[in-house]
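In the two complexes below, subunit A is the common chain; its partner is subunit B in one and subunit C in the other.
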Partner chain A sequence: MTTDTTTNTPEAAAVPPPGASPARTRATHGHRRLLTRRDRFTLALMAGVPTILHVLLVWVTAIASIFLAFTTWDGIGFDSIKWVGLDNFKQLFNDNPQFWPAVQHNVIWFVVLILIPTPLGLFLAVQLDKRIRFSRVYQTVFFLPVVISMACIGFVWQLVYNPDTGLINSIIGANKPGHYIDWIGDPHLNLWAVLIAASWRHTGYMMILYLAGLKSVDPSLREASALDGANEWQTFKSVIFPTLRPTNTVVLVVTIIEALRAFDLVFVFNKGAQGTELLSILVTNNIIGESSRIGYGSAIAVVLLVISLAVIIPYLIATFRKERRA
Partner chain B sequence: MRLSPSGLSLPGPSRRSVLRGAGGAALLAGAGIPLLSACGSSGSSSDPKTVTLGSNASDAVPKKAFADVYAAFQKQSGITVKVNTKDHNTFQEQINSYLQGTPDDVFNWFAGYRMQFFAAKGLASPVDDVWQKIGDNFPDAMKKLSKGEDGKYYFVPVTTYPWAIFYRKSVFQQHGYKIPAAWDELVALCKQMKKDGLVPIAFGDKDAWPAMGTFDQINFRLNGYDFHVQLMAGKASWTDAKVKAVFDHWAELLPYHQDGFMGRTWEDAAQSLVSKKAGMYLLGSFVAQQFTNKADLDDLDFFPFPEINSAYGQETVEAPTDGFMVSKAPKNHAGVLKLLEYLGSPAAEELYLKTDPSVVAASDKASTSAYSALQKKAFDMIGGAKNLTQFMDRDSRPDFTSTVMQPGLQKFLQNPKGVDSLLSSIERQKKTIFASQ
Partner chain C sequence: MSSTTVPLKRRAPIRPARVLLHVFLAGTALAWLAPLLWAIFSALRPYSETSAKGYVSWPDKLTFENFTNAFKQSDMLHYFGNTLVIAVPAVLLTLFLSSCVAFYVARFDFRLNLALLLVFTAGNLLPQQVIITPLYRLYLLTNLPGITQSGKLYDSALGLVLIHVAFQSGFCAFVLSNYMRSLPHELTEAALVDGASVWRLYWQITLPLCKPAMAALATLLSIWIYNDFFWALVLISTGENMPITSALNNLSGQYFTDPNLVAAGSLLTAIPTLVVYFALQRQFVSGLTLGSNKG
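Now for the complex of A and B:
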């Protein structure tokens, strides 16, 4: 609690320090009239409850999981927590046959999202920005997958990929013994099958982001480039795209986050079985259940955390630097 | 729901389980959930006329069947059973925190290692008193299944169902197939079926647990019950030549399995048996649920997995058994004993089976007069078994089976040639998991 009564915070007004001068007392009286006891209580509640929740659910749990990553614990009683040092990480890096594939798949996830749906979304946005006829209809059609939850997308695409009764195999006749395509089970196929579903959604997401960016491009720039005799491609390459720089930053960050948090689609699809392992799924498989490996699962979560931080911290530093300059 | 004998057919994680995932909140949630559920029952805790019961029977049929059983118990004893039903899978996911908080007096659970695990952690009460009264109702194999590692009883079985090879009588008649009694006959039959244009063995391993059933059958037929138990308990080595032999046998059979099994659920695989495209299907008797047409169901039959090693014959039957356990400090102890005594009686089982005919009674004293031919056969097979196993994930540490064996077996199915490195990887992971007890 501050003793500086000249601040205007409600806390300062609430507790005048002993021996305050009459003039100051009058000042705090003024505040009292503004903020009744009930107001202060409400304010404390509004600020305090979210703070407590945030600290408890975000900070305490994050720090606890870092601590637990160096222990083994089955979740039964605190006395069964055993300190094992780096054992979990050693096992993870050396013995877990799913760990390195999972890391690899998370990376592939990011690369694919940035190489395929992102340019596609940009392309669609540029087309829609030209105010073509039925623009709103196209916009809705492409954006629709973004509104649907990933889990639902997983269910829908499972129906398409089902090896026996799915749409694709039924059409191309690949559901007979001898020539059989197992979209969901074949480890050489299933990651790509899931990525098509993920890209299907991501394209719409990117399209909306770019569309918003394009709307904010100053029309006089287009005019100027048209006057200079630039064709459409030249205008886009040299004038429009450079002005989209802030949007590109957002797109990059969003895509990295999407790649790291990828979970629901795969979990519904085949629970991260052979070929579709992801870090988030390994965490879940180890922690949820009757006799959980909470320490081991936390170690995987910590790896995920470190990767996330390695990506996010440089971004934050760059952003803050820019703000300070401005 | 007994679709999945595994505890792992998880629905999407609830917000709560995600919080648990963060680690520190585990106990927070652990203390929270049962406290909430206890609010309702705390008022009646001093009531000697009430017993609380945590139920995982969330599906309509078993829920109704158990409700009838509790109603009959109330009529007989005057004790009300207050049921707290939770979604089947959620119940399993939260069992840890549930039992550590303020659990109900009695709860639904599974026999075998899974029961022993919680008994050894001190989260369940022994029920030897009850078994003094109900002991005569059960065959020896069931008694063995109900005991903890300390030799005390912790479990009262109610229903069970066998794993076997299912087939259509009409298909076998049409082609003149004979029931294979030995391994070579099974392989020969597969070859013949393939020639006849059938898929010899229906198979779907998308949910990752069905493959564990095949492993179990080959392992206890080839190496015997004792070795199987040793292996499941983490005592025998996965790099043992005996285990390698199991995979060699499996690899011999694998070409006759239905194509594309990694992307197929057991329900879809069962459809190929329903439509007579597949000749055989190794699964639990719950496969009958997929036979919705009465004529098809009457055509369904099964035989035990053929003998591989004559030293062990067909003496072991895989029969997952469901029943009840008592929490560590039940509020109404006297009432609990009465309830369990009733649940362990043939009358209670008969009543249950009236509503849910997809399983059979665990007791060999229950009347079989209302059974279908399939149920009678299942009952005889279990009653005649020298040893009963549960299922890989019920006979071993669930964390081991879910994080190591399920992906491991799927890896084998994808690449049957890489068994040696797979087995040493499994053994390495097993050591660390079983060491962390």
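Now for the complex of A and C:
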């Protein structure tokens, strides 16, 4: 685990040695003078081609989503695009029976992920960081779900939840007609059933992030704390946990984004039918379903975009500001 | 396990707390594996037996028949091939293009650098569904007669490669630019004074030094792109053209009538990523933590 790359967290890598910055600015000014015309052309291509591809497919489409959200369009020919103002949003907020449940489920998704798998991942990371025997074996087991595709996880958990043949019902004897517990079909149960599968995966992911964070904790802090006679819990609470602040920020952002992105698992489970609606599912149903309402689908996407940016922008500003200061 | 052969003498005396911890960890690990073990167990049993005796029962017979049947019946090899055609160029192109951007951002102090990196990084954090509606339209509108089989970007491997590259290069550019910034400046500076071109600085000096980061990212990207479900689901319309992960979703409805076969099929799709993971675990984990801003 202690490869040289593990210690290179973005934060650590982004900070050059303190004394280096004046020399660096001088050097880069030197660079600029040395660049030939051909070099400038090469550089323009090197930065330009990827930027065009990324901006065209990601940002132009994101902005197009915003534009289309204020229109209706059947997708046939550009002249059928009609400006309708806020109509799509009004309909969405007032008349769509799936919209508010979807928002609520996205929120529940986040709350559950941050309250259960995240602390569990942290707990496992702290235990496995103690250099105990079989640590690698345990780590491998807990990471495993992170490597498998969400779609595949969906299939595997369906085998667990299936009313007739599934593991849970077979064990508790609820697999006989009339006694079914329909984990996937029942709108009061299915969200929680999916969330167990999602948490199963998320725990391992959080554990990786926290293990990396713990690796960068200065060992002398622990020693000092032990010398002061602090017990394990006191050391963790007052010494280790505060140093994990950068990791906690990343964990928070990752968890919000995961909650907004949730899709594959639910789609494989029951296509987001009653009880498991999510914003991502509503957008997708507008494309692959029978009714292709482009403006309406885009309006849902815009809601998703606004929530995402509200998280992404402050996070990136904080991250990049730190880099600039360094 | 090699760790059991570590001399016991040097270890601290066995404390009850440690024993308790191991009991807890072993129990949790077992619970963690349970869904996968259950899938394997189901996949190894013939349908006739489980339908007669129920799923929770002592097996009379364990066979690999479900695996071979799932593999043959659903023409899985074909879908694995589709994935390969998408994933290999996508991983290579992403690494190449993002390292170009990273080099530009990390090695030169142009005014727009930070903004550029911000655009890339933020783009990668967006949920895919934010951009899918216009992207889908764009793919339908882009005519490429003779270049792709469908004559459009839609329903083609090229289309999937492009969106994978565009989307993932955000993450890779961020990680690689941080990595490149940590390399000593003197290396490229000396070469530049000696009259080396920018391309040489990138290709012959900077890139070889980035091998560890590139290896980590390559592992991560292969797993992510292999596991992609969403892009293929929306941007590919012909079942035949789908990569393996999304093809399985179609297959489970069309061909697979019994859960044992579905279990076998899904486990088969997981094998390649598991192989990559077990072989390159170190790269995978370090990749995830290199740029831990990834959703």
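Just so it is clear, the second predicted complex is superposed on the first by the 266 of 326 C-alpha atoms of A that agree within 3 Å, B and C clash if a C-alpha of one lies under 4 Å from a C-alpha of the other, contacts with A are read in each partner's own complex, and residues count from 1 in each chain.
The rule is short, and it goes like this: a contact is a pair of C-beta atoms (placed from the backbone, for glycine too) under 8 Å apart; a residue touches a chain by one contact, two chains touch by 3 or more.
Bear in mind that the values here come from a model prediction, so they are computed numbers and not experimental data.
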item	value
Which of subunit B and subunit C A:115 touches, first, second, both or neither	neither
Which of subunit B and subunit C A:87 touches, first, second, both or neither	first
Touched partner set for A:180, first subunit B, second subunit C, both or neither	first
Which of subunit B and subunit C A:38 touches, first, second, both or neither	second
Touched partner set for A:226, first subunit B, second subunit C, both or neither	neither
Which superposed partner A:144 touches (first subunit B, second subunit C, both, neither)	second
Which superposed partner A:107 touches (first subunit B, second subunit C, both, neither)	neither
First (subunit B), second (subunit C), both or neither touched by A:313	second
Which superposed partner A:172 touches (first subunit B, second subunit C, both, neither)	neither
If touched residues of subunit A are counted for subunit B and for subunit C, the larger one	C
Residues of subunit A that lie at the interface with subunit B and also at the interface with subunit C	56-57, 60-62, 64-65, 68, 75, 151, 162, 165, 175, 264, 267-268, 283-284, 286-288, 294, 297-298, 301
Subunit B contact footprint on subunit A (complex, rising order)	56-57, 60-65, 67-68, 72, 74-78, 82, 87, 91, 95-98, 151, 161-165, 175, 177-178, 180-187, 190, 264, 267-268, 270-271, 273-274, 283-295, 297-298, 301
Subunit C partner contacts - residues on subunit A that touch it in the complex	1, 3-6, 8-10, 13-14, 16, 20, 23-25, 27-32, 34-36, 38-39, 42-43, 46-47, 49-51, 53-62, 64-65, 68, 75, 124, 127-128, 132-134, 136-138, 140-152, 155-160, 162, 165-167, 170-171, 175, 197, 200, 204-205, 208-209, 211-212, 247, 250, 253-254, 257-258, 260-261, 263-264, 267-268, 279-280, 283-284, 286-288, 294, 297-298, 301-302, 304-305, 308-309, 312-313, 315-316, 319-320, 324
Contact set on subunit C toward subunit A in their complex	1, 3-4, 6, 18, 21-22, 24-25, 28-29, 32-36, 38-39, 42, 50, 54-56, 97-98, 100-101, 103-105, 107-109, 114, 116-123, 125-138, 140, 162-163, 165-167, 169-170, 173-175, 178-179, 181-182, 185, 189, 192-193, 197-199, 202, 212-213, 216, 223, 226-230, 233-234, 245-246, 248-249, 252, 259, 262-263, 265-267, 269-270, 273-274, 276-278, 281-282, 284-286, 288-295
Residue numbers on subunit B that touch subunit A, as the complex places them	7-8, 10, 12-13, 17, 19-28, 30, 92-93, 95-97, 100, 114, 117, 121, 123, 199, 205-208, 258-264, 268, 271-272, 397-399, 402-403, 407-408, 410-411, 414, 425, 428-429, 432-433, 436
